[in-house]
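Naming follows writing order (A, B, C and D), and every chain is counted from residue 1.
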Amino acid sequence: MVEARGELIASRRMGVFQHHTIVVPELADRARPGQLASFAVGGRTSALLGRRTLPLAAITPSGTYGGTIEVVVDPVRDAGMRWLADLRVHDEVDVIGPLGRAFPLPAHGVDSMVLGVGASAAPLGWLSTALRDRGCRVELMLAGETDRHLVGVIEARRVIGTVSVVTPGPTGLLPVLRDELQRTLRATEISVVYAAARAPELSAVAEVARPFGVTVQALLDEAMPCGTGLCGSCEVPVTGSDGISRTIRCCTEGAVIRGDLVEWDRYVAELWETVR
Amino acid sequence: MVEARGELIASRRMGVFQHHTIVVPELADRARPGQLASFAVGGRTSALLGRRTLPLAAITPSGTYGGTIEVVVDPVRDAGMRWLADLRVHDEVDVIGPLGRAFPLPAHGVDSMVLGVGASAAPLGWLSTALRDRGCRVELMLAGETDRHLVGVIEARRVIGTVSVVTPGPTGLLPVLRDELQRTLRATEISVVYAAARAPELSAVAEVARPFGVTVQALLDEAMPCGTGLCGSCEVPVTGSDGISRTIRCCTEGAVIRGDLVEWDRYVAELWETVR
Amino acid sequence: MTAESVSADIDLTVNAGGLALQTPVMGASGCCGFGHELLRLGRAGDVSALVTPSLTARTQSSDHRGVLLEVPSGLVSPTDRPSLGTGQLEATRLPWDADGIPPVIVSLAGNLSGAYAEAADQLRRQSLMRRVAGVEVNLACGDRKNDDRPFAHDVFGATKVIARVREQLPRDLPLFAKLSADVHDLVEIARGCVKSGATGLVVSSPLRALSIDLPTLRPRLTPAVTGLSGPAILPITLRAVWELRAAVLSGRLPNVAVVAVGGIARASDAVQALAAGASAVQVGSVMLHDPSSAERVTTGLLAECERLGIPSVKDLIGRAHHD
Amino acid sequence: MTAESVSADIDLTVNAGGLALQTPVMGASGCCGFGHELLRLGRAGDVSALVTPSLTARTQSSDHRGVLLEVPSGLVSPTDRPSLGTGQLEATRLPWDADGIPPVIVSLAGNLSGAYAEAADQLRRQSLMRRVAGVEVNLACGDRKNDDRPFAHDVFGATKVIARVREQLPRDLPLFAKLSADVHDLVEIARGCVKSGATGLVVSSPLRALSIDLPTLRPRLTPAVTGLSGPAILPITLRAVWELRAAVLSGRLPNVAVVAVGGIARASDAVQALAAGASAVQVGSVMLHDPSSAERVTTGLLAECERLGIPSVKDLIGRAHHD
């Protein structure tokens, strides 16, 4: 975990989101898929005390540009995210990372599903490549409120082959997502689902996967206002392997958590946004 | 007095200062030299509640760009000014103006001196042109901590002819400024001094000018955190024509105030910066 | 865009302590002047009532400028500003009869309960009194008889001031006690004020604060009379409103209207204040930052009501206390 | 850059209530964990003392997550977080013997004076007690015997807790009472704590606050146990420190060290706090925003001393009270 000043060197629209490439060699050289970066937002005159913590979308280890990280920012999430999205090339930003636990990769090839919703799906291209490199078959499912809320569909098609896309039906996104996931798990030999989303969607994924005995590795893309484990604001209730309830800090002990360990109902009920 | 969103359309370094050109037709069409514009600073996530109120450096009435105002920002003055200076082309900013009283122009030609210190001198080119247009002889004196703290010397030479420059001597700027002013007033027929500066320098100018019976029209470039007359933070103690002390609001009743009316000692002693 | 043009269907009127208001958004004392500036800005009609800067029995100057210091999301400023005497009202060419000026609430200040009473007495005798829709008593002033501690910090002091002001004013004139949130038992002080005749409570005055100048290392304003206002204190305001409303619901406090002031800057702040139990809000510091704030809050309040499916803003009041 | 490398000439050491500190910059309770995280960040040595999250007699879970809500220049958070029992200290593999861990101050909490005493008693028996340089008593907890009002809001409650904790601890162990600034008479409560054995006073705990959720219109945290921290409250902290120091100077309060906490975010804030009368400061919320803050404050403090021509930071303490 390092603190550094990063310089934005490239930024482009990605549907409704903003994709940033930031030079931070200290971070770029050690991050793995599923890990996070945490940003101070609002600049010198900021009234925002909380950090914004995001999954890393990709890294390029030190090279021409001296090591870059990439993130995908959803500007409508709150004023801090908006500020982050509005940064322009050559702007500097305070970053801490890499944070937390990476997606655990299987030692040998298995059939896997990689599933993401909205901007949370940012790290899944990187993850899919890593899985494929280990000989895994990868099914990719991307969900979002509209076509413009899907991250990296085209890039993913290049890497993965089959990419399915989920957008809301008449009763919203969740029912369609559940149905699609269920159908896929039924029709395939998938033994693990890697998912990155907000808590309500992850909860649904875990619930759908449970009867299939499929392991879910869930990246919880929720508010983590310090990112360093100091504040306790990101705690997630889990049931330990001993069957006893405890909490773990999403930023340092997550954000990838095994879906079957999370006490989803309690977690989702207690979730409040940490921003106005 | 109007409130509007202005768009920055040009910005350039001017020594240590930043010169901005902002499209705000509502304001550009009515301002006169000596009037002010007041800006909200820090953006959406700002912790800064006070506005930053600056003398207008120039206006271009509605035309190609739909009417622009110009200001010169000193970025080291405080975090809010720094934010204002750091704005980039196409950024938007909330402006109120034109505020306050313009420099009163003589009905016919007189010998005048126009004197400014640092970024406060911004409106003096515009003022000098207006004076010259009325047939006034204009002596221009620009002072600053270094050569890079002088505003518009080159442009002024084009308009005025003689421009004298004052930078600090071994004991600082004020003694040199006093000496230069005194020498000029002795050597010329100047009957009015138009000055724009912070309070301590203006106080010195008023003191030097007094024995010569020369009128000083002083633009007080001090903190005006609302700019609209609501807060009372910018009050200046003056002696009325009736000899009775009262206060006037710099933002709405100034910022141009006759130098002989201000109770300078009291004013300077009471002056505190409104920023941390 | 005026508030009305957004939605004609939603009722924004409220009644706060006997004061009928077109919207719940009032202008706080000292932050909206006497009306001149708002009129000049074309914004006098944005507030449903204008609370004047505090007036005293006699016109008072002050040792210092009423300077504002900027602190994070707030302003630190003196609470003993120069003030106009209530006897001088007629002479001051106030624009209270002008078109577009909303109902005026006169704020009164003093350093002895007798001084408040005298200020009220003189006010009542002024012909401009016909334009006065209510009186707000600024209890943040120091009590000479109690080591200059603010009346708002002492139940006896506060009660006495309210009782003596009440005596001087027409029986049916709404009377607001402006309290301070930085006391350990707000409800006790509130109860004293209501018992002695306040029809409404306003919380909070600026909180006691301090700022020290670098490099002189001296207080930038006189410590005893320095207050903090602005968005920084909003959560404290909300807490104070909540506490008063909870006391009404539990019977510890007679039923009384609460007006929230302190950090209200946007519609969501106003919604929070109403839900916590306020019948109206006042916008203060934010008007200095942006004089269109009152209008933005009002328009946003309409939009929030629409979004929440609430036909009358009155339905928001105290909602946070429902299960 | 370590603080020392800036200037070897300036003495940053202070003594706060019997606690010798290398610099005046401590880490506030609950904002620096138990040391693990700061060690991992390489920042444990940035604070001159680490105040632990509050410990209780028995390990307590909580009904809710210790969630932080962002408000302008501040954080709103629950004051009744889950807590570790003092009896469990040994079992928790705390890194207090690790290289780079500064002196540890244990914070104690409870809901009855007896519970504080029990927590202190158990603490004393732990072998890790050898690493404990002082105890800070968090008086912001609700007193079960007083309608759950915070001890810090009641002179009798606060006094009793301090007296009972004092009894349990070694005579020479520095004992700090952590007070709340949102009371009308801070000095009275401080005096009670000093008389019953506190060697230092810490002001302030988070101020009582509230935040309401839209669109549910319900409090986002339990109103009775919600506090506001961060730069928003700095001017209130400074005011509280000033008041305590002024009381010492006027003889209303025995001579006692004051530690400032609440909104300290940069060197100029620390200078203000020291000038107002603090012997040391604690950095809290700002460590969550930027864990390099303690170091920045310390380095900046050296620079400020240099700029002001002050050879020892001790010369700053109380300077704002000099004429």
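Basically, contacts are C-beta pairs under 8 Å (C-beta built on N, C-alpha and C of every residue); 3 or more make two chains touch, one makes a residue touch a chain.
Quick caveat: nothing in here was measured; it's all calculated off a predicted structure.
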For chain A placed onto chain B, the superposition rotation in degrees, Cα atoms, nearest 5: 180
Pair of chains ranked first by number of touching C-beta pairs: C-D
Inter-centroid spacing, chain C versus chain A (mean Cα positions, whole Å): 47
Separation of mean Cα positions, chain B and chain A [Å, integer]: 52
Averaged-CA centre spacing for the pair chain D and chain A, given as whole angstrom: 36
Between chain C and chain D, centroid-to-centroid distance (C-alpha), Å: 34
Residue list for chain C, restricted to those that touch at least two other chains: 71-74, 211, 230-231, 268
Multi-partner residues of chain A (each touching 2 or more other chains): 47-48, 80, 276
Touch-based graph of the chains, sorted into line, ring, star, complete or other: complete
Chain C contact footprint on chain D (complex, rising order): 71-74, 76, 149, 153-154, 181-185, 207-212, 214-215, 217-219, 223, 226, 228, 230-236, 238-239, 242-243, 246, 263, 265, 268, 271-272, 275-276, 304, 307-308, 316, 319-320
Footprint of chain C on chain B - complex, ascending: 1, 3, 40, 47-51, 80, 94, 96, 225-226, 228-233, 235, 247, 252, 270, 272-276
Chain A residues within the chain C interface of the complex: 47, 276
Sites on chain C touched by chain B in the complex: 31-33, 36-38, 40-41, 64-75, 77, 81-82, 211, 213, 220, 230-231, 285-292
Chain B-touching residues of chain D, taken from the complex the two chains share: 72-73, 231, 268
